[in-house]
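A, B, C and D label the chains in the order they appear, each numbered from 1.
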């Protein structure tokens, strides 16, 4: 059938066209498949007053907070993992540098449930966590709509309800997608699928663009259908310094460099100047990486070869 | 008769204490470091059918290197199931299938409440910490919660600055009033000096065993509340030869646990 | 690590040990991967007073109703698809033959949502369907707990809540599972995953038992983890006359025979005598099929060869 | 100028009427038979970017034979996405992404309510029908609902015996009172005699166009309520040459649609 030709654009185009100042963004990833190329582009374009969400935020969110593009954060957690607390996050909250962001606190159960509710058209969902903790005593920009406590109409028991979330834009990075946006993923999922499908628009960043026919060879791997997607960007190595299963490993030494750099405002700024503002796009970023650290370092990140088995959907 | 070598480190002892809390067939939700070590010692010794999962979506991973995070690449190849956060936190934890969860925090109080959010005032914190992540739901919903902590009067507290994760909250009946599932809650606090358990009647942690190189007095001095002592209080059983063998030969040949010594677990 | 050896048993053993009279069963399938070997065994063992559920029930549920093993049905739909209304279902409701079953009516949105709630530990979920229809006016054995109407504590709007379901046993048929029950599936999913994970115990029927190592080559295909599973049964051709993607097609002419047979009580009984009571197990069933219809008919059901691509989870 | 051959059958005309309701880029939730045919005519003519899905979990299937059910094996190979019932009914339909849904039923009334549950009394039915399946949520939540029906005084009704799927229920404002999403509801009833649309002010179906071999009078005689007639009522446009070509050469070379003639669609 005569589908339109393509939604493939550059990351610069995707971010310029679909991410507006003041937008509410879901950004997928869980160290696994972080859409870092998009994050750098958002910073490069100087977007403003964004609201961000994801369960278990990491260096990507820390960097956006440090770069000043974030106003609000619907949060469960933010750290640099093995490298400790998020330096920019701390400076924002503790010292208002570059400014103090507003934080609404949830958990790794309640937040993905809220995204699931958004994805599935449920106005709210009951959750069994948060009860009795100080997470119920702190409310920020969501105010009294952060949660509600009711007595279950079924058995009268105390029940906490949390509201559905509907991000303006979701940005995810996956292994492969076709030109219209059917996006396929494998390995650790985090809250990527519910976050993407909760959003009004989805930007798909991928390691490789494949044919619609290839998608159709294994349709159970698709997590977002094309009609939800507004832009497809092919960004090999797009999750670096995070990883993508089947493609490349986490770059721990780069993570260490980010930690060291972000210890100070000046170091952080220098890091941005080198890795974000100093390059125009992901191609220049990788070029710079190879020049700076050597091709063998780059090559060592490549995944080893260990494929499974193909399956058939025939009858 | 079990043999107990005495060349063990404090983190090794603590890992063995954690392992002993796990029963065969337990479903264990782990983070990285200590919890994984504890669960793996158990599954290599008395609990061969224990199953581990990570909140990121992984069940029964077969990592070839120690995972540095719950989303570590090495958790992917060979796992029995890889799904989503909601599969683990919703379908397994919230639905009541997780037997054991491990937690740690910057502050732990006598009710087993844990703070991983802020030190100081929430709105003007001295130190902003990562937040709940999976800790609050784990502490709310896992059948047995095992808490790992440094034993000093700064990390242990009469009352945490912020309850990120509920233990017994403010005492007996509080979890029930908040609708948390029955038969859940902290089971033990394992520190570098002692193993503390919880008195069902008061919800408070009490001293169950003290580690071989310390004493009841030393433990009480380093605990910022009036720590009750079990009638049958005794010295913690040191690592057995078998536990140490598994730990050093199979699980931690490069002695990564020793990093905890540098962090004060001595 | 030294896992226990196996949960592999025969279907006879699985049903005898894990399905009790009076149990509430979820039975997976959507023409796709119907666990027919288990259904025949349940009838053969003369189980009684079962409560059944699944979205879009078909010939399998009709057969169990006709065989008299069903007391209650949490329903959305029951038909023979292309072959029209379920004859045994009609006889039960219209004429009380063999007895009148009790039916609680939901929809293909609300019922899978209730199973999802059960699977995810939610006490209830909001749904946006059923409103204004007579589905709200008929209540059966669930009584006032069929649903509740509340004003949303967030915005006051009318909201319908439906309760979580917790079947005693789920029986599903999948392409492959290991000996401990890690079950892998691809193709049309129906409500199989939520139904299985809502249940207290799961019986996994599969086309082939594979090694734990094979499971680990593609862990994103697993829909039920081993600790939820109490029995694993290898039943090649186990979904016949339904189909299993990658293995075999729907047997339409067998479906027609069932329709014709089930037009009368006598014909239905004769069908059961031949295909259920007349054979001891699935092996004898297939033997009888090949003898009755010829090997070429059997062979024609086999799926054509059209495999996709393997993926890697390495780093 | 469009060319309209006159050797078409009634089911072919009806399929074209359905196709014309679909706009380019519409997301269409289909069953088997008529709906699929309508959607495919549309996607081969004026709506090349329309997307089809089946409730069983399939999006953008590429079947090599006509699907005989929404779970048909032929929907699997080549689809763009295969998930679950909840992906389609929850993530796409309930979340508001489905533009068009097709429905049919044993009874359809003047408000577009549909009965697929029972003929007669619910507790002592004359005839037990399959039940809702996906019909109720589709009728509740799809932006435009297209109803296919046989035009006689038994299938059409002043009031259905049982509202399985809500149309405009009992008139204007009813869907809103029940909290059904705005801008949803039946858009058209396509029968073998006519195309009826809905008057927003009354919620009632009125005659929009009558098929070439019938008349306003014949349609009204076969309609069991006082059928209003549009000011601009006119004859239904017959299938165009292009529509018929696509239907016969591409979509239905074995003329499966003729089965509907045997079912009374003449």
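The definition used in the following text is that a contact is a pair of C-beta atoms (placed from the backbone, for glycine too) under 8 Å apart; a residue touches a chain by one contact, two chains touch by 3 or more.
In this text, all values refer to a predicted model and were calculated from it rather than measured experimentally.
Colleague: If you tally the C-beta contacts, which comes out ahead, A-D or C-D?
Modeller: Ranking A-D and C-D by C-beta contacts puts C-D first.
Colleague: Which chain's mean C-alpha position is the greatest distance from chain C's?
Modeller: The chain farthest from chain C, judged by C-alpha centres, is B.
Colleague: Based only on mean CA positions, could you tell me how far chain A sits from chain D in angstrom?
Modeller: Measuring from centre to centre gives 40 Å for this pair.
Colleague: Determine the centre-to-centre distance between chain A and chain B, using the mean Cα coordinates as centres, and give it in whole Å.
Modeller: Measuring from centre to centre gives 29 Å for this pair.
Colleague: Report the inter-chain centroid distance for chain B and chain D in whole angstrom, where each centroid is the mean of the CA atoms.
Modeller: Each chain reduced to its C-alpha mean, chain B and chain D end up 58 Å apart.
Colleague: Residues of chain A that contact two or more other chains, please.
Modeller: Within chain A, the residues that touch at least two other chains are 121-122, 127-128, 157, 159, 186-187, 189, 217, 220, 243, 245, 249-250, 306, 312-315.
Colleague: Residues of chain B touching 2+ other chains?
Modeller: 58, 73, 76-77, 82-83, 86, 90, 93-94, 141
Colleague: Can you identify all of the chain pairs that touch?
Modeller: Pairs of chains that touch one another: A-B, A-C, A-D, B-C, C-D.
Colleague: Applying the document's contact rule, which stretches of chain D touch chain A when the two form their complex?
Modeller: My answer: residues 25, 27, 43-44, 48-49, 51, 58-60, 62, 73-74, 76-83, 86, 90-97, 141.
Colleague: Could you please specify the touching residues of chain C with respect to chain D in the complex?
Modeller: Result: residues 30-32, 55-56, 75-79, 81-82, 85-86, 89-90, 93-94, 105-110, 112-113, 116, 127-135, 138, 157-160, 186-194, 243, 245, 249-250, 252, 306 of chain C touch chain D.
Colleague: With touch defined as at the start, can you tell me which chain B residues reach chain A in the complex?
Modeller: Against chain A, chain B makes touches at 55-58, 68-69, 71-73, 75-77, 82-87, 89-90, 93-94, 117, 122, 125-137, 140-141, 162-166, 169, 174-175, 177-181.
Colleague: Spell out the part of chain C that touches chain A in their complex, as residue ranges.
Modeller: 121-128, 145, 148, 150, 152-155, 157, 159, 161, 163, 175, 186-187, 189, 214, 217-218, 220-221, 243, 245-246, 248-250, 303-315
Colleague: Write out the stretch or stretches of chain A touching chain D in their complex.
Modeller: Spelled out, the residues of chain A in touch with chain D are 1-4, 118-122, 178, 182, 197, 212-213, 215-217, 219-220, 222, 225-228, 312-315.
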